[in-house]
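Chain naming follows the written order as A, B, C and D, and within any one chain the residues start at number 1.
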Amino acid sequence: MDELYRDYILEHYKEPHHFGELDAPDMQAHDVNPLCGDELGLHLKVDENGVITDVAFQGKGCAISQAAASIASDELIGMKIEDAKKLDADWMVDLLGIDVSATRRKCALLNLKVLRGAVTGDASWPDE
Amino acid sequence: MDELYRDYILEHYKEPHHFGELDAPDMQAHDVNPLCGDELGLHLKVDENGVITDVAFQGKGCAISQAAASIASDELIGMKIEDAKKLDADWMVDLLGIDVSATRRKCALLNLKVLRGAVTGDASWPDE
Amino acid sequence: MTEVVSSATASLAQRVRGDFPILAQRQNDKRLVYLDSAATGQKPRQVIDAVDDFLSNVNAPIHRSTYNLAERSTALFEGARERVAAFLGSTAEQTIFTRNATEAINLVAHAWGRDPGTGAIGPGDVVLVTEMEHHSNIVPWQMLCRDTGATLDYVQITPDGMLDLDDLNAKLAAGNVKLLAVVHVSNVVGTINDVAALTASAHAAGATVLVDGSQAVPQLPVDVAAIDADFYVWTGHKAYGPTGIGVLHGRRELLERMRPWLGGGDMIKTVGWDESTWNDLPWKFEAGTSAVAEAVGLGAAIDYMREIGVENIQAHEHALVEYAMARLPEVPGLSMIGPGAEHRGGLISFTLEGMHPHDIGELVGRDNVCVRTGHHCAQPLMRKLDLVATARASFACFNDIDDIDALVESLHRAREVFEL
Amino acid sequence: MTEVVSSATASLAQRVRGDFPILAQRQNDKRLVYLDSAATGQKPRQVIDAVDDFLSNVNAPIHRSTYNLAERSTALFEGARERVAAFLGSTAEQTIFTRNATEAINLVAHAWGRDPGTGAIGPGDVVLVTEMEHHSNIVPWQMLCRDTGATLDYVQITPDGMLDLDDLNAKLAAGNVKLLAVVHVSNVVGTINDVAALTASAHAAGATVLVDGSQAVPQLPVDVAAIDADFYVWTGHKAYGPTGIGVLHGRRELLERMRPWLGGGDMIKTVGWDESTWNDLPWKFEAGTSAVAEAVGLGAAIDYMREIGVENIQAHEHALVEYAMARLPEVPGLSMIGPGAEHRGGLISFTLEGMHPHDIGELVGRDNVCVRTGHHCAQPLMRKLDLVATARASFACFNDIDDIDALVESLHRAREVFEL
């Protein structure tokens, strides 16, 4: 099996979870990877206790960035916004479960960048 | 004897002919060598027959440019303006009587450039 | 057909491969298949040696000093300029060295576009670019329009990636186009534009013309006098030359009239306390210490292309394009973007169904096949084509059909990894 | 005294001479005595090899591609930036590559000086430079003042070539100085300015500060964080690096607020039809394909200086200055320009009675002694000093007292030719 394009990565890429849009999202953000032009938008529903109740993402991207968004979305549902604010690059890379090279790191982290933009307003890259 | 700094070159440099200014010159021009910053001004007196009757030059410069101005000034007196207009780089270099390298060519020709500026208004380098 | 192409192209590529040290690279025992010359070109030993020799044995300040090394440096630098100028049918005075094509375009956008004296661009004026421009021939004009109140407009492209000449003529006919900025050879769709004809149309409508020849100079004979554009720009690193050097060829009257752009050493004649006077062409536009070793390297690149014969490079790359356009469609789901081979320079952009170009690049890269992936600095064009990214294979004199074969095989393998 | 200096300097120079291939040059059987490092520096084999190796074995487009060569190119380019930044006490985001110091200054004059948003410069404002600036730190400000209606003013120098601090303080006290642009080490009089103190004074008066470190970086430890100037610029080719690369270190808040200057590839995040968004620092200010091999070479130059120890270079050049200032006056009619050795970097300008500097340069050049002659791109300073030109000897780590001895002997011979 391929080291990078593992079965579950390809599955998430081909059939991403939570792909689409939400009506009247409570929080949202959108960003691009300037290196490749890939775009990603993220919608969140948050209840009165500050818990994420629904997630949807949109955009076009490579297998790594799409799988990252799909896998992360699964995790986000049920998470407190306060906890989501603290998520870092290690969390995302661990979740992906593959060795991400320097060049593909931005692919892996685009979703997290957009998430942080949505929940904290900070638009910098998670690595910075 | 030095190939470049021949006796007569050094003599003209140390005691230039026609160095100074003229009262109410009929024609004049002034220019610089952008490479070294040397400046040269030229004053001409011209009679009613279009003959140059007096010449004076001013400025600071290297031995080559000062000697060129001094030697040329001797030649210019008595020359018709019409003939002065036709003087070219070969005339000046022959008059100097030394082998001028590419780098020093502008030193040798600065005086001619200023002369042409004075008599024709053309401010380009004689080589162009 | 394959056989015929093979023998026609093999001779040039096989003859020159030894000139390119980088082609000796191996990775996992696979030879380097470099198909990214449109992004940056590889350099022959002749160019690398010229740079090395200059830095090792000649390097000294140019233009000003009287000692031997300085004279030799000056002669090498200005000699390179003369050979570059002659190769493109221009003159030394009209040949200005910049860092790259991008800087050359910005020079025009500032020194010509923002000069209150030449009054080039103002509100109501239109700067016309095309939908197939590189960001470097778009963003400087966006900034110019923002600063001057002029309007930026785009000549549309047809679905097969050709300029829509009806659209161009309609836009020129409005009479308010001050500048047409157009690419000679597109770095995405590969289209070769008839820039001499475009220039004539634009001139007839009173517009000034800038042609971006970044992709053209490395692959086809360019005669800037015949094209007759007011500005022709290109970049050294794509034309077998070093990084750090580009060229602007300009119409003499315009260059003379324009104010200088960058101020500093070398571009002045005299500096007073409050004002300065400017040096002659081309130095008026070259402020500060020049990229001397880079110019010398570019001169060597020009010598190299002249020796091979740029018509031979053109014929060679054309044969490769024909071969590649025949073979690539063997890969299921592959779509090529852009016009047919007859209108196309030495590159092919493509997409693969079910695989993002980024993943294509990664997977063929493992086979030591180097292709470019992404938006190719042409986001407006991608938007027009309704794409986010493509993969692109581009050719140089050292490529051969074995490189295209390697790409095709590698694409098949990539599809297997993706279980397509 | 000569003996003591001799042993102190000999060790460094003799140790490093073998690193500089150009020093093997001979002319009429005379070894190369290169005393023109302030004009352009010679490059050690380590730097030349880094460039050659990059072009031969690594060269590929940076930042965008996924294949191995491209990853290595990117890592080498950005790695060089990081080492350059660290060497000067800056960070990678605040370290912008330009073509040379001149372009770095023009970048500030445009992106900061002409930005309507940051509202930097306008009528009534004063741009303050000093009488000892290089043309590159004068002409961009003349052009800025011409375009914005601001006034250019000069801090005076004292007769021995030091900044007149009373004059500076009086001018700052007026309260309308928006920018102080000042050289760190003068390329004509050699003065080392206390730029940290100057910056503090200017900041106290509300002025922004640009320091031109072109001559400083090659010869003394520079900590841009400690100096605290808003902009610090320098140039690679004088700092043992290749031509075609310079550096701007900027204050982060300013760089973030400033609009980009050059538009094109690499400096954008997104390009729309009419507008674009900008990339992060430092790339926002680096449009088009970078001078990649040159950056890699500059990284090697930094490594070289770090290995020798820039304090050792400083001490070495200081010893040479002391020796030269003792020996040069042996030549009849020779006058040195500038302050005493304690305030002076590694260079000495001088004149010789009865001989124009141009002729000095020519004659010592015949002995393979390379000195600079002319106005040194500082015409206002020459006017202030009432000179047309000077000759200048400048030092680097490979110079030794034998070089100064050779210069002195050659000057004696030159006087004989002129029958002085």
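Throughout what follows, contacts are C-beta pairs under 8 Å (C-beta built on N, C-alpha and C of every residue); 3 or more make two chains touch, one makes a residue touch a chain.
Note that the structure is predicted; figures quoted are calculated from it, not measured.
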Chain pair, B-C or B-D, that carries the greater number of C-beta contacts: B-D
Rounded Å distance between subunit B and subunit C, as computed from the means of their C-alpha atoms: 46
Separation of mean Cα positions, subunit D and subunit C [Å, integer]: 32
Whole-Å gap separating subunit B and subunit D, where each centre is the average of the chain's CA atoms: 37
Euclidean distance of C-alpha centroids - subunit A vs subunit B, Å: 77
Residues of subunit C touching at least two other chains: 64-66, 70, 268, 270, 358, 362, 373-374, 379
Where subunit B touches two or more other chains, by residue: 35-37, 104
All chain pairs that touch each other: A-C, A-D, B-C, B-D, C-D
Residue ranges of subunit B touching subunit C (in the complex, touch as defined): 32, 34-37, 101-104, 124-125
Subunit A to subunit C touching residues, read off their complex: 2, 4-5, 10, 14, 35-39, 60-64, 66, 104, 107
Subunit C-facing residues of subunit D, complex: 21-22, 25, 27, 32, 34, 36, 39-40, 42-43, 45, 47-48, 51-52, 55-61, 64-70, 99-103, 105-106, 109-110, 134-143, 145-146, 152, 154, 235, 237, 242-246, 261-268, 270-276, 287-294, 358, 361-362, 364-365, 368-374, 377, 379-380
Contact footprint of subunit A on subunit C as seen in their complex: 354-359, 362-363, 373-375, 379, 382, 388-389, 417-419
Complex contacts: residues of subunit D adjacent to subunit A: 63-66, 70-71, 74-75, 268-270, 279-280
